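Chain nomenclature is as follows: A, B and C, assigned in order of appearance, with residue numbering initiated at 1 for each chain independently.
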Amino acid sequence: MQDFGEAVGMAVSLVASGDGDLIEIVLLSLRVSLTATALSCVVGLLLGAVLAVTRFRGRQAVIVAVNALMGLPPVVVGLLVYLHLSRAGPLGFLGLLYTPTAMIIAQTLLITPIVTALSRQVLEDLHSEYAEQFRSFCLSRGQIVRALLWDARYSLLTVALAGFGRAIAEVGAVIIVGGNIDHLTRVMTTAIALETSKGDLALALALGLVLMAIALAVNVVVQGVRLTAVRHAYA
Amino acid sequence: MRTRQTVLATAIALVALALPAHAKDGAILVQSTTSTANSGLYDYLLPMFQDKTGIRVNVVAVGTGQAIKNATNCDGDVLLVHAKPAEEAFVAEGGGVARTDLMYNDFVIVGPADDPAGVGGMTDVEAALDKIAGSGALFASRGDDSGTHKKERALWAEAGIDPTTASGGWYRETGSGMGATLNTGIGMGAYVMTDRATWISFANKQDYEIQVQGDEDLFNQYGVILVNPEKCPSVNAEGGQAFIDWLLSAEGQAAIADYRVAEQQLFFPNAPQ
Amino acid sequence: MAAPAAASGPSLVPLKVRGLGLALGGKQLISGLDLTIGGQGITMVMGPNGAGKSLLLRLLHGLIAPSAGRICWGGHPMSASVTRRQALVFQKPVLLRRSVAANVDFVLRARKGDARQRDALLDRVGLSDKAGQAARLLSGGEQQRVALARALATGPEVLLLDEPTASLDPTSVHLFESIIRDTARQGVRVIFVSHDVGQARRMADDVVFLHRGRVVEHKPAKGFFDQPDTELARAHLAGRLVM
């Protein structure tokens, strides 16, 4: 474990030195994963809400499928996106392979099932509480969905965090569709993989610590928002 | 309505974030191997080329097999790998314009300092492989159809041994890149065949040493190929050819020769003059 | 002020229920129930636990569908448009996770009501000074008055109350009752389920007495409390009837 102490020291001095390359990589990681999280929330929250309030044939099957997709391996998502965005693939003309956009697409696909499945559960629980009252108010589906999303907003923040955590930590998808190109598509996780393959385990671990610190910071901010809200007792 | 405006603004911001940061700026994409990228060669060469031509070079570092596959899918402008027969096949099938020798180095077999198979100092690689197979000592193979893996399989074949019958036994196929395979091999005390450049720049050597080297069968030739713009219209032929021309020029060749790690030269230029 | 009765089309009263039946999970909970409620004022629905009071209220509001019989409100069969012209206050208030004002605003907005009514509604239920507070942190009595303000925000012609004061303290009960009386006076027809005999005496214009899913008695309040026709009602008023 001599590497660990070295890694901690290196992580601290990396951050302290304000290394330009590191900042670039950190910012790209955040841009890719936060954008993917936001996009997956747009799609996933809506899907989750629809699954929570509607009853149709095959609904249980859809729920089981979405829950299963939470375990989607990043490498498989990466491959699927690669096959579509490759110049030889159906969307090759867009020229998106090896760009941050491709990475955002891959991570969005990866975490949308997580956001969908978890928000479906959160919203369905809330709906079971509100359903009779809402029927008494004669609300439309759209009004119900909007009310549920708004009232569950702080629980849904945690759902978004679960998605973000998965996105920022995954390497399998972004390394395939991003290519880990220096100054273009290199993010924290692919940089860690690269340093590991160079045998520079201390630097890899130091980058890992920085990544964890970033994830921690994002969680602290969100938790702060949540706690403030709870103190005002809207949750 | 205020919320509607917020939603609209958020949507626009998301799309802006998701779209490419900058339009294609004439950059070229090189599909290459982990050995060249991990050794730091590109970090040394590319700024020189960019200063001279203004062309940015993006490098995707994967195994040779994967690199050729990506280039076959038109996902790249230049292919820089080290598996001559596969490269020639790629050109013959119309994937690339022409293949040119660029540089070489050599492969070595590294092993733990106590050298359980007793191959230390041997210069006949087939004999050394034979001895490793007979000793029951572990051998970690890339197992990923990379250039190094192809070379290693050819050497086993020449030694008349089919190590895959012992796969999972003393023959361990990691299915990973060179660095990952070294990490794994060193972790389990196995012999590993690696290119010298990766080994010299590899930072997690522990007690490992080069045990076998110097056989001319261990020669490791790198070639460079422009992806065929007739087959792949998306190829930046101009930029790609400029990069290849520079690599093959006296200036590029000298730059390759000048690159050193730990005061050792990693690659030896041998482009046809 | 919330629009009182007869704002849209012919009145919902009289209510006519004929041969109403409800079976759930193989159990006949309501059967052959006939009932006519007309005019104005407050109808108290009484009966022991399990008599079917709450179920009847949900049937009358269209929240559950009967397995037999008909419900007609002023000649209209039960439908979503009838439900829209009624409001129901549940025994346990189901408040949104928002402020008091936002709870009322939500209903006004959803039902295309006049947003300016909010302050008047909060004033009417005595919660003007709590408008900005989180609804779910209020006392039980206050929460139930938020639910009432929301119900009134829909401008109902008929107000259905399902034991709304069952778990409130006496002061809150008194306050709630006086708001209901005012509401009835303004022309909203009130149907009030309660198993509190004292409350029924205070509030009722007429009384419907249910037992085992049937109407046993339906009389003006004075007659019911002074001279019930049935032994069951007498027993209930004396606190002797269990199931």
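Rule of thumb we're sticking to: contacts are C-beta pairs under 8 Å (C-beta built on N, C-alpha and C of every residue); 3 or more make two chains touch, one makes a residue touch a chain.
Protein names from UniProt, one per chain: A = Tungstate transport system permease protein; B = Tungstate transport system substrate-binding protein; C = Tungstate transport system ATP-binding protein.
Remember, predicted model here, so these are calculated numbers, not experimental data.
Following the contact convention of this document, no chain is adjacent to both chain A and chain B.
Between the chains A-B lie more C-beta contact pairs than between any other two chains. For chain A, the chain with the farthest CA centroid is C. Computed from the mean C-alpha positions, the centre of chain A lies at a distance of 32 Å from the centre of chain B. Averaged C-alpha coordinates put the centre of chain B at 78 Å from the centre of chain C.
A separation of 47 Å divides the Cα centre of chain A from that of chain C.
Looking at chain B, no residue sits in touch with two or more other chains. Across the assembly, chain A contributes no residue in contact with two or more other chains. Multi-chain contact residues, meaning those touching two or more other chains, do not occur anywhere in chain C. Against chain A, the residues of chain C that register as touching in their complex are 61, 63, 80, 83-84, 87-88, 90, 94, 96-99, 106-107, 110-111, 134, 136-137, 154.
Within the complex formed with chain A, the chain B residues making contact are 10-11, 14, 17-21, 24, 29, 34, 38, 42-43, 58-61, 70, 72-75, 177-180, 182-183, 201-205, 232, 234. The touching residues of chain A, counted against chain C in their complex, run 129-130, 132-133, 135-139, 143, 147, 150-151, 232-235.
Here chain A touches chain B in the complex through residues 31, 35, 38-39, 42, 86-89, 92, 95-101, 104-105, 179-182, 184, 194, 196-201, going by the rule given at the top.
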